[in-house]
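Okay, structure first, notes after.
Chain nomenclature is as follows: A, B, C and D, assigned in order of appearance, with residue numbering initiated at 1 for each chain independently.
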Amino acid sequence: MFEIRTDLAVEEKESFPGNGGEVAGVSLREWRKAASSIKMTEVEILDAAGARAMGKPEGTYITMEAQKLGYQDEDYHKEVAQELACQLKRMVGNLKKARVLPVCGPLHVLAVGLGNPSVTPDALGPAVLGNLRVNRNLQTAQGLPEKAVLSGIVPGVLAQTGMETAEIVGGILHETSPDLIIAVDALAARSIRRLGTTIQLTNTGIQPGSGVGNHRHSLTYKSLGVPVVAIGVPTVVGAAAIVHDTISSMIGTLWSHMETKGMGDYLDQLEPDDQYQLICELLEPEFGSLYVTPPDIDQTVKRLSFTISEGIHGAFFGEEEDEEEPERG
Amino acid sequence: MFEIRTDLAVEEKESFPGNGGEVAGVSLREWRKAASSIKMTEVEILDAAGARAMGKPEGTYITMEAQKLGYQDEDYHKEVAQELACQLKRMVGNLKKARVLPVCGPLHVLAVGLGNPSVTPDALGPAVLGNLRVNRNLQTAQGLPEKAVLSGIVPGVLAQTGMETAEIVGGILHETSPDLIIAVDALAARSIRRLGTTIQLTNTGIQPGSGVGNHRHSLTYKSLGVPVVAIGVPTVVGAAAIVHDTISSMIGTLWSHMETKGMGDYLDQLEPDDQYQLICELLEPEFGSLYVTPPDIDQTVKRLSFTISEGIHGAFFGEEEDEEEPERG
Amino acid sequence: MFEIRTDLAVEEKESFPGNGGEVAGVSLREWRKAASSIKMTEVEILDAAGARAMGKPEGTYITMEAQKLGYQDEDYHKEVAQELACQLKRMVGNLKKARVLPVCGPLHVLAVGLGNPSVTPDALGPAVLGNLRVNRNLQTAQGLPEKAVLSGIVPGVLAQTGMETAEIVGGILHETSPDLIIAVDALAARSIRRLGTTIQLTNTGIQPGSGVGNHRHSLTYKSLGVPVVAIGVPTVVGAAAIVHDTISSMIGTLWSHMETKGMGDYLDQLEPDDQYQLICELLEPEFGSLYVTPPDIDQTVKRLSFTISEGIHGAFFGEEEDEEEPERG
Amino acid sequence: MFEIRTDLAVEEKESFPGNGGEVAGVSLREWRKAASSIKMTEVEILDAAGARAMGKPEGTYITMEAQKLGYQDEDYHKEVAQELACQLKRMVGNLKKARVLPVCGPLHVLAVGLGNPSVTPDALGPAVLGNLRVNRNLQTAQGLPEKAVLSGIVPGVLAQTGMETAEIVGGILHETSPDLIIAVDALAARSIRRLGTTIQLTNTGIQPGSGVGNHRHSLTYKSLGVPVVAIGVPTVVGAAAIVHDTISSMIGTLWSHMETKGMGDYLDQLEPDDQYQLICELLEPEFGSLYVTPPDIDQTVKRLSFTISEGIHGAFFGEEEDEEEPERG
């Protein structure tokens, strides 16, 4: 059976009645940096009830949305990279406060570029890794690192390696013992308008079934013993999601048409669950794995891979600044 | 406004009432090679009426369908490559009979790999060109060619070059004067099941709006003064097409449900044109350019690019065989 | 017979006695921008005698040398890009003064990325084109361009296309009528230390036998009817050149050793021409096409392709500044 | 100090006086398959004395030489692939006899594609992995494998990952416990004529300093606890090796010239060690890492990556045949 899903917590939240009204166990915070067109959202899933409702694990999900990310504006991409660096630093700071990361000494960070380098919308992770300036090799040769130690791997995909990403990453952990994993991945969204314009940052790692490639195993603190911060950008929408949305919208339209004619009784009974059932009957089984992607996805992946790699560099090698915790609204 | 289209003449034909029944000005022929699982279809658009009805220009469209093309079976791909070579030879033979191609002497063939090499489902043309063994450079150095002279170009896409493909190809024609163009392109289909399992061969060239990349200009005998044989494989389905199909199917289902309850009057009035209108209202405008593609499209493009390049080699450099014109059924 | 050559005019000049002393028909100017570590050299070949002596056509050759180009220092690359933009503007300005380029209205520039994208040290041209933001397609859709019209092509290499680059570019000229060609190419140097640290800019275009790929035909004002500015970076040294240099140096060493022992008579007679003859006897014939390249050439090509593309953007789309002609020293 | 080396045992052997005459602790066997133009050589280093003399560890080195490998002749490449499969099977069979590999049940083979995918002559390993059809993922889903279980990894290079290949491979071993590693690597040769025309197969694994990329650590049975069979093709010659060979040859020429004039005394004293010393003085220090490679190396890597991947498929998934041990000559 196909799955109608989104990898973005912010979209999951929006899908609740009242366009993302109060959900028990989930807190929401939205803000905008002054003079910036970047819309920030922080969804926090606080307990098991919230996790069940959202279908995502407990933790923090920060979303940066910016329609202009779709354009080739270098200044703007620099601004987004700085904000990403800033949020990444804050998330790492919180992991230090929680004693999940060592407080002193340079962190050893392993960056993992998930996805299939041969499939354009799934190539974001490998593209980011192609831009990263690793220094673990330099550090061991030239003495103690000052700020952070960075290494990186593009593990490939199951069909190319015959191995789960979790196996490859697990093996590398065993050999190199990093403190922190930064996993970069291309995501699936529900809304077309978020493709290439949104960056999600989360401390919950990578879940099974997530990403453009539908990862089969998790990369999480629990599964690996090392905290995993995931950075993702939606590059596809599941084909089933699009059909579902259109039909839901259509049923609404039909219903209002018919209601005026007193014929709405039947459609009225089509509850969301029934709608879903109906769509499943209509769609062919192979439909579940198909995805929708825009024609200029190659440019989007190229541009955002620079923005994200600069964000990672900024977080670990940038100037020290005091990042104030934004006030909770 | 988005467009619901297919680049496959065989699908256009199927869309007529009675699942592709008689259409004035269009002839259809289907056959299977004995002991082969390749289903062959030849659609011939015979006059202006047929062209109007089909939305495609007059000419011959040969389709090779083979579900097994989706698998990595080398013998099978060799069989398909041989059949493609055979049909390509036949088409070239007919162009010679029509005096559109010179009858004597080695043909000079320019292969054109259309599409965006950076976008996986649009990269079929460039991938085929990567496998071709051009010999125009060898021939000029070593004397007269025996069978055929092959050159090739990957012209790139408008957003990368700032130039229309028709301009680049036109310029190369002006300089090198080939007799024939073979244009290889990734296509859009209506049916998911045809993705990566169908090869279309046509003597009508490339039309505006066709291909994964929605070419803006034509590459045809009329526009270029040189006959253009196009080889294409569908690698995407337009997102709008999928939504349309699902909703059409849904309306049918709803209608039969409601008819039993005597409420079908309203939906009954939803003629195909109204349905289309309704869908257009529901979909966002940017939807038109989105496409649906399967997750293993990289493997498909790689495999089929070998099959097609071998087919082209076979047609122009292979052993001479007498290809009998199949009888018209 | 193999050829010991350099594509850099500055190296050709240095090879004259007295480390590049006075050569009739050749003027030399060297300067440094204040506070910059970029060493600038301008070699001007003024007449036929100079051209014969240098083995290069009449025209201007500007060289920017900067050892730090080998490192990943973004600020520095930005400085070099600005200087490249500045020199490119000056060269274009001189072409306008000479009425070879139109003085009024936006220039239409065709960028050509020469070289083989599949061979790392020859991939500079294609890499630069991958970073360029062409706008010819935008201009025609949205009205008159303000500053310049940019289009671009990666013509591939003879073995892949079966066509000469000059044929492909000539055809595109015929169709799109640009005012100016900017040809970007990877070069062969004599000195290892110049690999990846030098940029040469010349208004003489591309000569037969030049470049990593040993172009067979020229791309020049004379051959194409359009002025051609070439931007190149040396990425290889001919293997024969290295052997020649080492042996010359060895003969010198041996000679001084032997002279002290009174045995130098024979070696003394080994004039440069004899040395060359001797080396030719020693080397196998296939040696001529071999080249020497450093192991981190991929990083070099990636970095410099950004520097050069930014330089081109700066020259044609950057802010207007008054570029003063540096005083002739 | 630069190193004059070859990764080919057969070249090391040839470098001994008498063109590879008797060396204590080293056995040599040469043969040709009837009706085949593949020249086979097996060098066996039998003990520590042989290892010291050859500068390579004890073990078996099989070389397949075929000038025609440089051409695009599919039948010939198929023949070489079959012979490679045959030799690989024999080597695996000997590892089974030695109880280093399990005798019963399907082998689990991990293929490792060493080298830098972004540097053409170093990309052989990654290219072979791109052609391999791994099945470890299929086997676990569909029951017990029949013949062999294949997985594969492209570990990248130190400058890109910040990690040693030995760390990445070691980690994957820890997680997936293969029985055997097949490491594919591009090699450095001494002789230009062996570039792209020779395949070496050895059961000694990968040594520090070997390969185009000068691996820093070993991948061997001793270091990893799993037998490592290495398949390599020379794609570069060290620049220092070429200079050395030319100068050695030059000294010989000079010597004979001078001897006739009674002046050879000095040069006579230039023993090989002195020559080496002299060259070291003449060459710049950065020279050591430079390499020489032919201009059509991209085609060579592409062609041979298919030959080798087919050889690996044939060895583990091909038909069972009785491979007779060739008689020792």
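FYI, a residue touches a chain if its C-beta (ideal position, glycine included) is under 8 Å from a C-beta of that chain, and two chains touch if they have at least 3 such contacts.
Given the structure is predicted, the values throughout are model-derived calculations rather than measurements.
K.L.:
Which chains are shared contacts of subunit A and subunit B?
P.N.:
none
K.L.:
Could you tell me the distance, in whole angstrom, between the mean C-alpha positions of subunit B and subunit D?
P.N.:
Inter-chain centre distance comes to 45 Å.
K.L.:
Which parts of subunit C, given as residue numbers and ranges, touch two or more other chains?
P.N.:
159
K.L.:
Examine which chains touch each other and state the graph shape they make (line, ring, star, complete, other).
P.N.:
Topology of touching chains reads as a ring, each chain with two neighbours.
K.L.:
Quick check on the complex: what are the subunit A residues that touch subunit B?
P.N.:
116, 118-120, 122, 159, 192-193, 212-214, 237, 239, 242-243, 246-247, 249-250, 253-254, 257-258, 261, 263, 265-267, 278-279, 281-284, 286-287, 289-299
K.L.:
Which part of subunit C faces subunit B closely enough to touch in the complex?
P.N.:
Residues in contact with subunit B: 129-130, 134-138, 149-154, 156, 158-163, 167-168, 170-176.
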